[in-house]
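Heads up: the structure comes next, in structure tokens.
In this document, chain identifiers A, B, C and D correspond to the written order of the chains, with residue numbering beginning at 1 in each.
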Amino acid sequence: MQFLSDNAARVHPKVWEAMRAADGVDAPYDNDALSQRLDETFGALFGREVTVLWVATGTAANCLALAPMVPPHGGVVCHREAHIEMDEAGAPGFYLHGAKLMLAGQKDGGDGAKLTPDAIRAVIDPIRDDVHQVQPHAISITQASEYGRAYRPGEIAAIAELARGKGLGLHMDGARFANAAAFLGLSAAEAAGDIDALSFGCVKNGAMNAEAIIFFDPALADVVRYRRKRAGHLQSKGRFLAAQLLAMIENDLWLENARAANAAAQAIVEGASERLMHPVEANEVFIRLTAQERETLRSAGYQFYDWGADAARFVASWDSDLGEARSLGLQIARL
Amino acid sequence: MQFLSDNAARVHPKVWEAMRAADGVDAPYDNDALSQRLDETFGALFGREVTVLWVATGTAANCLALAPMVPPHGGVVCHREAHIEMDEAGAPGFYLHGAKLMLAGQKDGGDGAKLTPDAIRAVIDPIRDDVHQVQPHAISITQASEYGRAYRPGEIAAIAELARGKGLGLHMDGARFANAAAFLGLSAAEAAGDIDALSFGCVKNGAMNAEAIIFFDPALADVVRYRRKRAGHLQSKGRFLAAQLLAMIENDLWLENARAANAAAQAIVEGASERLMHPVEANEVFIRLTAQERETLRSAGYQFYDWGADAARFVASWDSDLGEARSLGLQIARL
Amino acid sequence: MQFLSDNAARVHPKVWEAMRAADGVDAPYDNDALSQRLDETFGALFGREVTVLWVATGTAANCLALAPMVPPHGGVVCHREAHIEMDEAGAPGFYLHGAKLMLAGQKDGGDGAKLTPDAIRAVIDPIRDDVHQVQPHAISITQASEYGRAYRPGEIAAIAELARGKGLGLHMDGARFANAAAFLGLSAAEAAGDIDALSFGCVKNGAMNAEAIIFFDPALADVVRYRRKRAGHLQSKGRFLAAQLLAMIENDLWLENARAANAAAQAIVEGASERLMHPVEANEVFIRLTAQERETLRSAGYQFYDWGADAARFVASWDSDLGEARSLGLQIARL
Amino acid sequence: MQFLSDNAARVHPKVWEAMRAADGVDAPYDNDALSQRLDETFGALFGREVTVLWVATGTAANCLALAPMVPPHGGVVCHREAHIEMDEAGAPGFYLHGAKLMLAGQKDGGDGAKLTPDAIRAVIDPIRDDVHQVQPHAISITQASEYGRAYRPGEIAAIAELARGKGLGLHMDGARFANAAAFLGLSAAEAAGDIDALSFGCVKNGAMNAEAIIFFDPALADVVRYRRKRAGHLQSKGRFLAAQLLAMIENDLWLENARAANAAAQAIVEGASERLMHPVEANEVFIRLTAQERETLRSAGYQFYDWGADAARFVASWDSDLGEARSLGLQIARL
């Protein structure tokens, strides 16, 4: 009855299988046969040429994806509740050498932690070309957002148009990209839209410790090859990371797992719909609960994080038990 | 017949076993039961209190170990052929925010890439307290060295005394620490000596993607917890890294594997002793070979790296075949 | 009729005189006789031992003062409208290697851009010891604040107590420190309070290009000597900066100039008191003015900056003409 | 009888005059009329369009000039005795965010600290496109070199051709550019050659605290405007730096002063020619002298720096007394 985080879930059996199969003699770093297949495999998924680099964590994926877009004196526009701002311990400041996160959007989830062109313009237009101000060089959005909201293709297109018009890079933090795509019923390409780089999350979705950075512009990847090594993220036995990523894509495991997690989230929603803080468009459920109510649930064995003083966050995983999720919803209904 | 690198070796079955056993529901990051056991397990190995943090690569281990010792305006004295200078793509410059590697010792292996107090003093004494010069804050040595040479306890003690006297931190890159300890027949504590932090290598010795940073001063570790997260190296499913490390230590697998690799290296030496560039005190064998001789060996199926124009490097692994190693040595003898 | 900025004012004749007198052969960098007198001169001013380093700009002063207090993975609590956040083009991110500015206090001048212990606690208490969150290492306050408000000794003492209790450094941006001290009628020591480092501003107060960083802890200064050189701020003919600083302190020129600027600001206030956005406690006057009213004033020859859509900022200088200032106030009264 | 450094010389009267004339009300930062004239004035000097930014020190000039050419993961090829490596306290590591100085050329002055295409290729060719190695992004040469040697146009052209061929930026540290141009009898354009950016030194040549960074590609300057502010080097009263630079260029004061310094250096040479370590092609004279001989000269009142154990460096300035210089040479001849 663990709804703390999809980070805490198990590794999917097909991932294990692929990792075991990777354990033979092969070339080190990413010169192995599996790593060499990534571009093609993800290219087929996205229906266009891509360059793919593996890393072990989402934080590394996000920061390395942004690194070639943002010089040290530049800025990244992101939502003020974005993971890169709130939960990465200053990693963007490290990887981008002091570049600034330029915080946009509403506080406390008012906009579901989704950016809009207007919210972005409100931050960057007033300081344009002022040498005393950090200038934006990229925009980062999160699909699904930190409140489990999914960007629709038109919303991404509007932000992409703004980015192109201003010469800004566009990055997508896709720690739960699969959940968004599964919810929207869209292809990977449609759920991503016209972006420059995507942190394609796998660890929250059944992998062990491999994330994919998808570059839609190979020139960005050519820079990041050096940045990844420089950050100590070029593993010498990279074949085990490549194996995880390939296992996630082949036979659509990424979608299958995301659908399972989303379904468990919706099972919670069934009972808790009146207390929802946000529409549930992925595998995260934010529910208004008093401290006493949370205590009641914890006494019943449910694990989850508080979300401020009056709410809680429940995250379903690929291996969440549907029955447990439904029971949780019902218990909430009865509170 | 792969002697390219111990990086290319397989994952030991006991490591696999431990990883599989770690795959249940547990707390994320390093709050899991396995990660929590690291301090005690390594403490027993070293016979003193230690604080242990896992990371995925040796580059990350080295740089994070040095991070709390060296401010951005400081320097690290290391051998001019040290891995941190030669092979980490500038990672120390990244992790230490532009701190300088202060290169000491002889070129081209004259001293086996081992530092001495004199070599260190020759670099740091002339610039002492000169505000126009980067000042040293730490020393980094490699056990076994980049030429497969092992520091004796007295040699380390002399460097440690110098470090203490000048208020410098002392780090040991132990990518092949196990090989050195096995060769010397010393305990882990004896092979490490009086240092502040040790990058305890496992990936070259049978693990998949886990290295241990051993801090002999817990205050250093308390800083590095933040630095590790900031570098994107705090994996959410850290239990799989902890499992690897524990598997390496329990039942002395680290020593067993190192002994096997060292034995294979010595098997090569048997035939090649007259061509050795350096005494073989670990699992690396540097052999003078002309381009034509190397071509002959490669035609016979041996894989290895050239070492400059007139030599080659052979690295044995825990899973090297002793017979292959011996054959290699004999072939060299017959060249 | 220039009220754009005290940056635009002239260099005081006594500063010129001191600079000319410094032009003989002397030791380079800060080994000259004038630089060597700084500690003693400022020590007398503050009534305690201090270590003083000159730099050319307030941005450099602020960032270098903070550098020894804040590691790259740490944070600085400052007001969300502090100069270091709003107007230094990301310099803190550069000098502190990606450390984070942790923004506290109210938006849009609600609190006059002055921090309080409560405002600080609201930012740092929720994330205490969370490895996923940047941890605070210092607090920076501005005397006088960005809205020309002066901290009273009790207010500083309360913040200092909080800082000590949490082991945080305390820095004061004193770009207009003289104006605050003059307004409060306090000694330098009283206007500074129990802080670790002070950026003692001179450029806005009659100097040409010299600011003093006052360290109340000599260990901080010993670090900053290296940081200053590393930042290219150790001028080889530093005697000309030292000369400016000494001229400002000797015969209380710093106070005399600040009083003149403050008096000019108050002269504006006389007419404009009903439109004031903030009490005028230094040399800055923020006045509610429509776009048309601002146009009227500009047509009359007054130079000043807009402050948002409905206000303007007027800054008086040591060389502001009192008559002009009074006329400006009267014109505003008649609008 | 001061031959320690041209840094210790006085400020030229014409520079003083220009600074005094700049002391009126004008726009802050570099929006003043003098700063706005720099591009045109230096453009006329170099016979082509340039963009000029002032800074206070040579260290800042060098590092800011390189900043837009070199990403944090890149490298700068420079001579192993270059000022940026030897005397700037790690400033390149700071400004370039950990980028690496890739040291080329001979030790101990064997090549007069001048780079050649061969010396550069020896450093960069072996590591080309290796992700484990920092890759070069720029070359920096010094005119005149750290041993007072002047690059001839053909030598610069050969390096420039190499740089273009490999896509590397080319920077010239011209702390003593004027001395080289004066010695060679070349125009500024000829003495600079086909480079991307030049640190045009003035502080060692009669200015107080202003250096010019000359960009031959305006896109580089557009980046450095932000970098300069971010480094705290955008002075608010920048007109006083612009005034110094204009004074140096107008009426060829830069050449006149350099000729005077060079003449004084040659006056020393007259007596000391047999002891010269390097041909004297600027204003620095390196002379073999035993410790006792140096003591004799110091007793006679001469000030200079030791250069290792068996030599000394004498630097002449624009205000060196020719008679004193000649006497010094004669004294050396009599030792």
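In this section, a residue touches a chain if its C-beta (ideal position, glycine included) is under 8 Å from a C-beta of that chain, and two chains touch if they have at least 3 such contacts.
Keep in mind that what you see is a predicted model, and the values were worked out from it rather than measured.
Asks: Determine, using the mean of C-alpha atoms as each chain's centre, which chain is farthest from chain C.
Replies: B
Asks: Count the C-beta pairs in contact for A-C and for A-D, then report the pair with the higher count.
Replies: If we tally the C-beta pairs in contact for A-C and A-D, the bigger total goes to A-C.
Asks: So, what's the distance in Å between the C-alpha centres of chain C and chain A?
Replies: About 42 Å, centre to centre.
Asks: Could you please state the distance in Å, as a whole number, between where the Cα atoms of chain A are centred and where those of chain B are centred?
Replies: Inter-chain centre distance comes to 34 Å.
Asks: Please compute the C-alpha centroid of chain A, do the same for chain D, then give the distance between them in whole Å.
Replies: The mean C-alpha positions of chain A and chain D differ by 49 Å.
Asks: Among the residues of chain C, which ones contact at least 2 other chains?
Replies: 29, 72-73, 88-90, 93-94, 97-98, 131-132, 226, 229-230, 234
Asks: Would you pull the chain D residues touching chain A in the complex into a rising list?
Replies: These residues of chain D touch chain A: 29, 71-73, 97-98, 131-132, 135, 223, 225-227, 229-230, 234.
Asks: Provide the residue numbers of chain B that touch chain D in the complex, in ascending order.
Replies: Per the touch definition, chain B meets chain D at residues 72-73, 75, 87-90, 92-94, 96-100, 131-134.
Asks: Within their complex, state which residues of chain B touch chain A.
Replies: For chain B paired with chain A, touching residues are 2, 4-5, 7-11, 16, 20, 23-29, 55-61, 63-64, 88-91, 93-95, 203-204, 208-209, 226, 229-237, 240-241.
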